[in-house]
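These notes are about the structure you will find just below.
Each chain gets a letter, A, B, C and D, in the order it is written, and its residues are counted from 1.
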Amino acid sequence: MSTELKFWKSIEELQRHSASPDESGRDCFAGQRARTGPPPAPSRRDFLTLAGFSVAAAALTACSRGRVQKAIPFLNKPEELTPGVPTLYASTCGGCSAGCGLVVKTRDGRPIKIEGNDVSPLFGGSTCAVGQATVLSLYDDERLKHPLWRGKPASWEDVDARIEAHLREAIAARKRVVLLSRTILGPTTRRLIGEWTSRPGFEHVTYDPISFTALREATAASFGVDGLPHYRFARARTIVGIEADFLGTWLSPVEFARDYAAGRRLESTRAMSRHIQFESGVSLTGCNADTRVAIAPSERGLVALGLYSRIARKLGLADIPDVADRSMDPHALDAAADDLWRTRGESLVVSGADEVATQVIVHATNALLGGIGTTVDLDRPSLQRQGDDVAVARLIDDMARGHVDVLIVYGVNPAYDYPQPDRFVAAMRDVPLTISCSDRVDETAALAHAVCPDHHFLEAWGDAEPVASFFSLAQPTIAPLFDTRAAQDSLLKWLGRTPDFYEYLRAFWRETLYPLQSQYATFDEFWDHSLHDGVFTLPAQAAAEKRFGGDVGAAAAAIGRDQNRSAAEHHPDGYEVHLYEAVGQRDGAHANNPWLQELPDPVSKVTWGNYAAVAPSVASRLGVSSGDVVALDTGTGRIELPVCVQPGQSPRAISVALGYGRRRAGRVGGGVGANAYALVRLVAGMRRYSRTGVTIARTGRVDPLAATQTHHSMEGRTIVEETTLAAWLATSSAAHPGQAPHAEVPSLWAERPSGAHAWGMAIDLNSCNGCSACVTACQAENNVPVVGKDEVRRGREMHWMRIDRYYTGSEDDPGTLVQPMMCQHCNNAPCEPVCPVLATVHSSDGLNQQVYNRCIGTRYCENNCPYKVRRFNWFEYARNSSFDFNMNSALGAMTLNPDVAVRSRGVMEKCSLCVQRIQAGKLAAEQDGRPVADGDIKTACQQVCPADAIVFGDLSDPESHVSRLNRSERRYRVLEELGTRPNVSYLAKVRNA
Amino acid sequence: MRARVVFIVLALVFGVAASGAVAYQLSRVGVHQGYAPEQPIAFSHKLHAGDFQVPCLYCHFGARTSRHAGIPPLNVCMNCHSLLTAQTIEIEKLKEAVQRQQPIAWTKVHNLPDFVYFNHSQHVIGGVNCSACHGAVETMARVRQEMPLTMGWCLDCHRQRGPGLALARRAAGSHEGPNAPYPGLDCGKCHY
Amino acid sequence: MTPLHATIRDSARHVRPHRWLDGDPSLTEVTDHVARPLNVAPGLGWWLCFATALAALATGVVCVSYEVATGIGTWGLNKTVGWAFDITNFVFWIGIGHAGTLISAILLLFRQRWRTSINRSAEAMTIFAVICAALFPLIHMGRPWLFFFVAPYPNFRGPLWVNFRSPLLWDVFAINTYLTISLVFWYVGMIPDFATLRDRATGIRKALYGIVSLGWNGSQRTWARYETLSTILAALATPLVISVHSIVSMDFAVSILPGWHTTLFPPYFVAGAVYSGFGMVLTLLILTRSLMHLETYITIRHLEAMAKVTLLTGSIVGLSYATEFFTAWFSGNLYEQATFYGRATGPYAWCFWTMVTCNAVAPQVLWLRRVRTSVAALFVLSILVNIGMWLERFVIIVTSLHHSYLPSTWVMYRPTIIEVGTLIGSFGLFFTCFLLFLRLLPMIAMWEIKADASVEAEEGDLAHA
Amino acid sequence: MRSEYLIATYAGPGALMTAVRALRAHGFKIYDVYAPCPVHGIDEAMGLRRSRLGYVTLAGGVLGLVSAIAFQFYAAVFDWTLNVGGKPDNSTLAFVPITFEITVLVGGLATAAAFFLRSGLFPGARPRLAGPRVTDDEFAIALRWRSSVFDAGEARRLLHEAGAIDVRQTVVDL
């Protein structure tokens, strides 16, 4: 609890250099805050309560006035905020530019957990791992606690004065003032920026670290639509992905994962969509495909073209461009084309290619297949990526030429992630005034004259329109922790307006959106409801049908040229490199988030760093194995990385994850991995995430990968059961050919009487895609410590929930199976009888309980657990300076869930099926005197799952969802032949043959 | 010879007695029964809860809905004291604190270990009187910990009240199953 | 005990050449020889050994302190391998202990006279080994300061008792019983010798020996009871020693882990224990007899007798290995087969094959009398036995754990310097205790030598009559 | 106890044995015999009763057995039943090892304790020696003078015939 005391001191300090009195809001908070002193003998929980107590009170009183305006609690609106009772607020995720709707669980005034917003029509009640982890970024020590001027702490007045002075001169001298921002999802912010750019000389350039420019331009060229197509995977019966990791990272993974799973769920229906993936690296999406074809990045165009021409032939079109696809395997293309054709009208082709031509062809193919308007929605396009590479390139040139007077960098970090960082840095030096709104001194902010730290999105007002006419609101869930200011407020201030973005937001909604709806009579009503729900959707307007107007011939020709060039470049010991977003790190903005650093890659299971994924054949040819450090040389850029031998990897391509190698992310993420942006190629200003002619050389060094799984074969054991759709349809119990659904192994002793409930869980392996959001959700909910790279190497990661991944078949073209694995809560648990002190026993409602304060740490239970799901506290993670992650930082400790004990050194821990949620659910039911209804209680992993693969419930209720799943003929339990009688069961994976 | 035997026997008896005493003392480690710290303001529960019969839940409103009964914020005190004319040094302290916006650092009397999850509302709903755990607070000028608050003590209640409560709840149309161990002896009810 | 018909002899000073003694010491010479180490200053050899042992002990103390202060994480264990060096050392030392009890109890019941010269030191070895062993379950706990949770003492937690189904709890009782009974047995055995020393000592030593000899005066009535007591204790210790290692083996046999879960373990472990124990006794006595110049009492014939036991138990152990593999193959159990295949071919195969060589193959040379009677050969062999038996426990524990049911959890285990230091420390503790024992206590049971001497004398007479 | 004794010392068990037999044959009552080691067969010769320590062991063992079973049964079945891996509350087989250990422990300790009490052996007890070297290499016979008035000459003769090194009549505390 010393941590909390320390934390409290630090907050006091924070208050000291907190804002000036005129900012009534924060002042009110400061005042309220100061009211709470640490209790004399604080136990962690009680302390947090008292801490939150007045913070909560503050939030309450602040509702009437001040910074935190009327924040409408979600679902259950308490007439008073009671300490110890969580409050839920709807908001919008700022983790990436997908803009998922959120519900933020605050406890005693602190956001401690993020959930999806299940009234959101796009994203539902789920998030991705990154979204889960953003709550921890709020409490990041490395965040700036005040503005900086030329690297030195300064007051807002001071900084504003200097900036405004400079801006006045700039305006007077008609100089150029450029705002370089990330994709702006918020319509209100967009309008604000519109105002901004209406000033003479003021410009706005949008920059995405991971560029979608090619897709945008292709969409514009093909359909004249400004935006990205809104892909509707739920409507597709055949999906062909070309290097698009739409389940893991591409564009809007949560939404796509939901829709994808919906199209493949075998609960009510007995049909599922077919998915063929052409890709070079092994992506999460590729793992889930029915057919996965390994291609070289340079062949993406050929694949698109091959599909197009085949479909066109089937349609009997004339002048079909054909490019001799040499290396391509025609059969795979034929099969894919046949499938697409069979389900035309309900087929979808998506491509992550970064060449306009390829995307044009893909659009054309979708058009031929009649997907426009059904699987490809262009009437309400996606606004999730608006970056414009060419503009950025031009801007940098202008900066270098000294044509830019003021550069305001908002939400991006080009000094880190621009392909030629040195050029950008040099150019930035030539700008008289550079301002960064970064929340920390990152690579770019370090060069800026002024740093005006932005709020964390959980502290700020905002809105978003990820897909046209799907709006969502973001509201503060906590008073700003530091002396930061919303970037919008900064912009308003520098525009000479009153820096009150909240009013601006309301105004925009009053003027723009309120008139478009008819449901609510008054604006306040409309506002309150929108804020309460977090989302607001405009009804679809009838729009003219979009027709494909692109030039296929030209595109085909372009692809042909690309082909010839890469063919020319191609030489025997040259490889192609394929750069991709990692599920955990994405573009690298969250590098300082320990949860994400320790999140195992869904495919390779590697944590803490990126690597060069090479095919087994290549590895043996080069004589390298996982962990050997190699140097990748493109002629222009060179990086050194450890090798990861990746079954299924294209033998011609080496895949490297972007988003690592941050230099100035902070103490957690600094220097983890290598920066692969150096290998990104610029072609006429457009960024290309792959290139040919890369040489690979051993360095002789060894840097062992920190992988949480080192053995990849099931060794012929039936651990993950898999079947084909045909077989499953043929025999009702196809998961176990020739035998009836698993019979219960007889037990030596009598059944014990169960209590009122029998909690259990069912996991549908056919829905689960392995995205690992549950791993982070569990970590956030249950105060699971982060242990760091070395400890992971030693096999000591603490995740209560892990996702096992097995390869089947050949190394070169393996099948991949994933299996969420956590405590199976066996009714005849092997761990229980061996504990000498009764520290782990069975509860009357079927839970395998672990009593931390009784445990003396013999680890016998760990040895005797056949699933190896128990985790031992090797060190005092929460109080050991060598584990300097969230738990050890005074601030990071604020994410701790007060309802879950922080485990001390030397005790065993494991999944508790979120017993704290079970207790809360039972209590809630009692409070309103009703039985616990099915679905009342959701475990953290279940709540976050975009695929709804995890179902928790009461097995003693035959009608509960989990009971129904347990009656499925696909149902089995892992290692049930041991007679452990797990309460967690699995539903076999089904694939289209 | 005989003297020796007597001596040895006495020594044994003493040894046993001494070690017994030590064992008992050890067993009381962490048990603060009778703890009655002085408070910054000599607030008398005897006066408020006893003589004036202010219901517990008026000030400790959290107990109904939350884990934590909570210590009333100053404005709750002032609800009455802003109207009352009575003046004492203690009340002065209170009002002064209100003026100076100063927190009053009350000393916590009933402390449970960190690893125990105790939820007030659960017990209030379950029909457990405050006095069952806090003793006759309305008679205490200064609150003292009446009960041992040991795990065994909790369990005694859980064991005894179990069946009775179960019946009461069922009569009141409870939905817990017939063989529900109520209020329950599962470790996982308090330790997680 | 059939009464021996003895004929009159004017003196026992000319006892016939003994079967189990080299030379013909008189009763008082026996006392002299045994008491000498306690009176004269130790030689250089002893000091060297003692210094080494102390250094090792210090290493152990440092390592254990660091581990207890920092966490089990200072060891090489991980999410899959929860036990390795710690429990290996535990089982190893417990095993060592068994030879002592076997010699002092079982051989007593079998009236094996050759035990008399060695049983005292063997019992001492037992006690020190058990102490070393008992250390490890303690320090392997994540929270050793809460070790008392394993004791079913009345408490204010409900009361909350302990789990009588856990083999670890059985261990607690078995080891404590074993240690207690062994101590009693050992001490009772020494009382007459303390008396002897008391009566020839002076000053403070006399006072000390006076206290520990409890006023022993050699009364025949006491002697009679005394012999009954030793017989009873021996009769109790015999099943005890078997139960102890059977229970230790149940730590594994009761689990569900392939490679652990087998009914063969109790006999297999007991045989292994005796085997390793005799290995250690050989090592110690070969050193001691030269270090303390006790060739008279610890003769080559003793060594040979022990060598025979070693050969027997070693062969049983070898048979057990074979049986394990046969069972694995015969069971048709996928997991079982994988485990044993992995043992012989996996990453720890080198441990396995070293173990087989040391434990099953090496002792076979003892069929040759020339080897059995060669001190040097026996010494080398005894060392091999110790190494092999340590590896056996390591192989059983680690290879079974590191590749268990779910391949996704398979990881390697690598010991840290701390674990190695702890192992060295346990040897340091053991040898420190033993070297002190050599100097402070009569390391040979004088009264038993004397009794045998006189009995043999009379038997000799019978033979003549 | 302190009294006057006739003490003869011998160099070996054989002579001692002869003396004891001779004395008993002539109806002398032997107070006690002292030796550095047990002399086999002499207890019969002296007509000592067989030790009854065995009964103590039995009693102790039974006590240990019963209490161990009773306690485990009470704790696991009556006092607080917990669902441990679905095993029955009364997992009798699992209680066996501890029961056995306790049986042996109590049995052994009881026996040892009985032995010490019966033999009057305890720390600080004063050794009552019949001679300086009876714990080294001398064997001694003691006849208590006062207990039975007997023919000293006859006794001395028998003792000497048996080969006594020395026969002396002294007042000592034995």
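Keep this in mind: a contact is a pair of C-beta atoms (placed from the backbone, for glycine too) under 8 Å apart; a residue touches a chain by one contact, two chains touch by 3 or more.
Since the model is a prediction, treat every value here as computed from it, not as a measurement.
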item	value
Most widely separated chain from chain D, with each centre as the mean of CA atoms	A
Higher-contact pair (C-beta pairs counted), C-D versus A-B	C-D
Computed distance of Cα centres, chain D from chain C, in Å	28
Centre distance in Å when chain B and chain D are each reduced to the mean of their C-alpha atoms	60
Chain A and chain B, separation of their C-alpha mean positions in angstrom	45
Rounded Å distance, chain A centre to chain D centre (Cα mean)	82
Overlap residues in chain A, where contacts from two or more other chains coincide	830, 833, 838, 841, 843-844, 854
Overlap residues in chain D, where contacts from two or more other chains coincide	80, 84-85, 87, 94, 120, 122, 124-125
Multi-chain contact residues (two or more partners), chain B	185
Complex interface listing, chain D residues touching chain C	11-15, 17-18, 32-46, 48, 50-51, 53-54, 57, 71-72, 75-76, 79-80, 84-85, 87, 91, 94-95, 97-98, 100-102, 104-105, 107-109, 111-112, 115-116, 118-130, 132-137, 162-163, 174
Touching residues on chain C, where the partner in the complex is chain B	153-160
Touching residues on chain A, where the partner in the complex is chain D	747, 749-750, 752, 826-833, 838, 841-844, 981
Parts of chain C lying in touch with chain D, wherever the complex brings them together	1-13, 26-28, 31, 152, 158-165, 169-170, 173-174, 176-177, 180-181, 184, 188, 191-192, 195-196, 198-200, 210-229, 232-233, 236-237, 239-240, 243, 247, 250, 446-448, 450-451, 454-455, 457-458, 461
Footprint of chain A on chain D - complex, ascending	82-88, 94
